[in-house]
Amino acid sequence: MREDIPGRANVADTPELAAYYEELAAREMGALWTVANDIEPWFPKPKSVPVIWRWQDVRPFVDRAPGLVRPEDAGRRVVMLVNPGRRDISAAVGLLYTGVQVMDPGECASAHRHMASALRFIMEGSGAYTIVEGERMTLGARDFVLTPNGTWHEHGVAEGGTRSIWQDGLDIPLMNALDANFYAVHPDLHQGETKPVDSSATLWSGGIIQPTELRKNWQKPWSPVLKYAFEPAFEALTRAAKVHEGSPFDGVIMEYVNPLTGGPVMPTIGSSLQLLRPGQHSRAHRHTGSIVYQVARGSGFSIIDGKRYDWSEKDIFVVPSWSLHEHANASESEDACLFSFNDLPVMRALGIYHEEAYTGTPDGRQAIIAG
Amino acid sequence: MREDIPGRANVADTPELAAYYEELAAREMGALWTVANDIEPWFPKPKSVPVIWRWQDVRPFVDRAPGLVRPEDAGRRVVMLVNPGRRDISAAVGLLYTGVQVMDPGECASAHRHMASALRFIMEGSGAYTIVEGERMTLGARDFVLTPNGTWHEHGVAEGGTRSIWQDGLDIPLMNALDANFYAVHPDLHQGETKPVDSSATLWSGGIIQPTELRKNWQKPWSPVLKYAFEPAFEALTRAAKVHEGSPFDGVIMEYVNPLTGGPVMPTIGSSLQLLRPGQHSRAHRHTGSIVYQVARGSGFSIIDGKRYDWSEKDIFVVPSWSLHEHANASESEDACLFSFNDLPVMRALGIYHEEAYTGTPDGRQAIIAG
Amino acid sequence: MREDIPGRANVADTPELAAYYEELAAREMGALWTVANDIEPWFPKPKSVPVIWRWQDVRPFVDRAPGLVRPEDAGRRVVMLVNPGRRDISAAVGLLYTGVQVMDPGECASAHRHMASALRFIMEGSGAYTIVEGERMTLGARDFVLTPNGTWHEHGVAEGGTRSIWQDGLDIPLMNALDANFYAVHPDLHQGETKPVDSSATLWSGGIIQPTELRKNWQKPWSPVLKYAFEPAFEALTRAAKVHEGSPFDGVIMEYVNPLTGGPVMPTIGSSLQLLRPGQHSRAHRHTGSIVYQVARGSGFSIIDGKRYDWSEKDIFVVPSWSLHEHANASESEDACLFSFNDLPVMRALGIYHEEAYTGTPDGRQAIIAG
Amino acid sequence: MREDIPGRANVADTPELAAYYEELAAREMGALWTVANDIEPWFPKPKSVPVIWRWQDVRPFVDRAPGLVRPEDAGRRVVMLVNPGRRDISAAVGLLYTGVQVMDPGECASAHRHMASALRFIMEGSGAYTIVEGERMTLGARDFVLTPNGTWHEHGVAEGGTRSIWQDGLDIPLMNALDANFYAVHPDLHQGETKPVDSSATLWSGGIIQPTELRKNWQKPWSPVLKYAFEPAFEALTRAAKVHEGSPFDGVIMEYVNPLTGGPVMPTIGSSLQLLRPGQHSRAHRHTGSIVYQVARGSGFSIIDGKRYDWSEKDIFVVPSWSLHEHANASESEDACLFSFNDLPVMRALGIYHEEAYTGTPDGRQAIIAG
């Protein structure tokens, strides 16, 4: 791709050059100027595109899965959500993976661990649990639970529960891109329980008052809180909304944090909960970093790179890096609430977070250019 | 002080040396060996001693103060608690100051700021408030509020309230020892209110979920939470006690933190809330750093350097640096709860925190050697 | 890829499943178990392979380039070194790019900046210079210079110099993988010089004694030292070798650092210089992170995943993530010295650095299994 | 001390109050308003005053000491420099101690350690050495050596050397003020040598290139470099002066750092070397923190709080916290060079560093108001 701009590659093909290129290619070499404009774009050119997976479309496939495969064969019985631009790496957006997992009462997966960081956001059912490093966590709708990189973990649904469905989020594609993925199955297939049920959530629930003894010994790069229950988080969000204007781009947005450091819940994945007030329609912005949203409450729409995506509860949608995006609550009476996870901690850790408000219109909202 | 130990100063007086010392003293000099053993003790030798100020003894003086001075003359109407070893610097223990302030309905103090870091722990009354940097905080019993170094702040009691009493804690002696104290009176004597009432406590109450917009702009070395209400803190402590053994030296102890960093609430002062279970009697330890306790709930005793100090609600007592100390709940049925503040953040910031369990007895408790 | 191991995906194809997969694929979905074993490998499976580019092979192509393209058309006249497993992203190994650039006296490139972090290691010639953020740096053989992410920079060779050749190293593939690459051409095509020549290297050369004024104002995530001259670095390495055993895996290895933080020179790229004593043959290890080596002095060989790669001065070779590697100096009388750059800061910032000594043989060296 | 200013204490004595104060004093209490204006000054009011100890005055006392006491009796044979305002704590300024130690060939002190951080700046003699944690360091004139808090250390002069004199600097008064001092004599009175002579200075001398293996294992809060030789430091300073304007208040000033972190050499003590160009006379400023200077080269004067202090080589002088100060080189042809150490790391760690340029005159220099 030639560009007729000073400082960019603009070399015409000649027979001599063609021969040169061929010789180079035969020796694990190449001429930079043949690819420079492609590999050094003016701004990020994600392969990912915006996508919305509506729950009404996804759910039938999730419900069919238990009839098709046993968990002991599937490993995990998950319908992956795959970005059309990232099929080669099974990513939903950027280098983030997401999928919807289903388990029936009495089913459980064997314990394992991986370098990928993982989280679950519960969608439906009762009796689901996760065990991480010896701590069993009971999970209800919209609870958010971590299975950080390197921790032994396993999932299941109690005998007395109901079919349980949750969204998994992982950075598997990131770990693979960085050639740093590891996986291990627990030698006993299941781990013992060594801690009281839900103990980390209980111990750290105050957030601003923390157990002194546990503060002393924590050396891990991830949050000591493993389960972030929805209700107290949503209440905190609602309280905040009473005294806080919020962000022009995101409404009232709060971030789940590692209370020991104030940093993200895991080194590579951050997560937020945001509230759009009745009728609120945010301004647009764009930034590096990819985001996966699930609608936790209400209905509305987001405009991503000029195209409108309508959403309602349990719909999942993605915003690629550097895509312009804005969010709107379609209801004039009810709050809307979005759960999301992202790779912003990677952007920040590497010094490459970059953000820009949209200034193309006076109200900061995009014109709909596609539909 | 001579010591007959290799490596310590052990110089006999002679006429020649006496003359030498005299000449040195006349020239702003001295011989190190005349003071070395004193200024380089084998272990910390605080001038502070353990003291308990029982509420029944302090309260009459507090109640007399409003009849004796007006707040506009006194600046702040406070009965200081002064360690007998630290009268020269008005410290309660180490380089920490504490006192008990009293205000009647309709009274208020003018706005000011200082390099000293300050906190209040409310003891009695209704209608008390503090305004810090434009945020009014309403204060109830046992609420804990910060007025960090450099912030404009003012206190008062609303017209419709009742006589209000609280404990002040500051590091005034530390700032003076470090030659770093500053003080200023607000040019308008009172500041305006620019934020919703109790907004920081509201916004950050979740602790593990935090307002994203406010996270971006906070550059201060102290906590964005200014008020730590007692009830949610005590509830968190109680919840923690159900799943957590706690510390052998302190029972179930939790630290108030700056949620943005997980660090102490202010750079020089830390604060904790601890619960002693019915009948619990902790083991003894000692460490660098000074602590001021107020009994928030229940009754019991502490043994400090072999002497027993019985305490009940609102009593205030201090543990000097490197003093052996252990705590006991005297009730077999009720929890006891201690609020405390300390200079441990100074110890940690300077790399001089040092801690040692008492091993003199099998159960780790001191024999009472004084009374 | 099915694996008959508990906890791994092991699902047989059936007509029902085939239909299910097809329906999913039509809706931007998929079944995790069809790819799980591939995307969650037991350990890193880089697409990159070990490669050596010998200078005798590369140099003729470099020397032909000036006759084939003008720098104003090429942008930069660079022979890229391309890993056969990473041709799609023009990477030399992992997500690191490298190439060899050539400029003749009087030539210069226009000023630009990019989110990719970059470095140069000078190979030949005199009169080469780089200007970064207004500071001109004069470059001699084996000098190492940074053009950090976001800095305006431009390169050239003075009229009185000689043909100059250097190795470029960048994290372009990383920035693209993270959808975070930006590029801009300087509005004036060239920047002015606002600082004394070589001033950063001069000011910070002491390393352990640093200019106080400049320490106050530096907010950048990269090193204030932009040029690391070879001679003083090599002297420091030689001095260290007299009192320091070094690493069993790397000989005496030293890391170029940001003196303000002790961290890596740039947030995403680290760089080292290492000395193998005469006859030294290191033990093997493997770790996450990719490394690009250039032989700065001497000759020897490295064994990478069981295959021997002989090298001598100016040869460039790469070690992919998690590949077993060991280095040997083939001379019994002369030191060998390797310059290298790597993505280890990314591994560390994201908490995914993982290292393992090779224990397959008593001496920790690999058997040669390929050749 | 009453002050007739709103917000300050201004309470007239009355018989009732006198009785109240007496009763309080009998019960370890007091009325804050009787001391508030004293303990909360408008700005720092150090007890320390500026002092200069001229070498011609100090030296005779130093030279007499070996005839008066044996090192085995004195512990350390040191003439302390004592601020007239801080005789009670043997401080030279603020909470810093300094003294001049003398040892004859063949003498040595026994090994010990303390919580106080210490440094030495060599003034005269040959053959002096210090051993810190098993590393012997050879010391020449103006070399600067650390004996950090908690390290085993011992000093001596080799048999073949000459009478050696050096300045000691410690934070003994700070450790005592914080009730955190500890002292121990080495069980064997002397420690073994486990590392090559001068190895830390050798290994870290590059500063901007650092030994990778040693970077991995360092957990200490102080610098791994124990000796900072004068010549390379002064050369770095001289090089910097060629490309760097320096500070308006300090000339070209450089700070000795911990190369692993870029922070101060020890957690509580910083140290600098500064160059005043021929004829240079700096502007005045003031800041929190105390400084002890020794003249390393040349002659000149400093103006401290309006009084001029002339100095030449080996003179030692102090600037108390918040005192206005400026420095001048009296020579029109030679550089002047000041070595100094300070407690600025304490100010910074506790968030209480505060600095202010003097703006009372157009040229920023003080009028001489005392003499």
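First chain written, first letter: the chains are A, B, C and D, and each begins at residue 1.
One rule holds for everything that comes next: a contact is a pair of C-beta atoms (placed from the backbone, for glycine too) under 8 Å apart; a residue touches a chain by one contact, two chains touch by 3 or more.
Just so we're on the same page, UniProt names per chain: A, B, C, D = Gentisate 1,2-dioxygenase.
Values in this document were obtained by computation on a predicted structure and should not be read as measured data.
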Inter-copy rotation, chain C (Gentisate 1,2-dioxygenase) to chain D (Gentisate 1,2-dioxygenase), in degrees (Cα atoms; steps of 5): 180
Chain whose average C-alpha position is farthest from chain A (Gentisate 1,2-dioxygenase)'s own: D
Inter-chain centre distance, chain A (Gentisate 1,2-dioxygenase) versus chain B (Gentisate 1,2-dioxygenase) - centres from mean C-alpha coordinates, in Å: 43
Centre-of-Cα separation between chain C (Gentisate 1,2-dioxygenase) and chain B (Gentisate 1,2-dioxygenase), whole angstrom: 52
Averaged-CA centre spacing for the pair chain D (Gentisate 1,2-dioxygenase) and chain B (Gentisate 1,2-dioxygenase), given as whole angstrom: 30
Which chain pairs touch, all of them: A-B, A-C, B-D, C-D
Complex contact set, residues of chain C (Gentisate 1,2-dioxygenase) against chain D (Gentisate 1,2-dioxygenase): 195-196, 198-199, 202-215, 223, 225, 228, 232-233, 235-237, 239-240, 242-247, 250, 252-262, 272-273
Complex interface listing, chain D (Gentisate 1,2-dioxygenase) residues touching chain B (Gentisate 1,2-dioxygenase): 5-12, 16-17, 20, 23-24, 27-33, 35-37, 39-46, 48, 51, 53, 57-58, 61, 64-65, 68-69, 72-84, 87, 89-90, 94-95, 97, 99, 109-112, 114-116, 149, 172-173, 175-186, 189, 221-222, 267-268, 288-290, 320-322, 343, 346-347, 349-352, 354
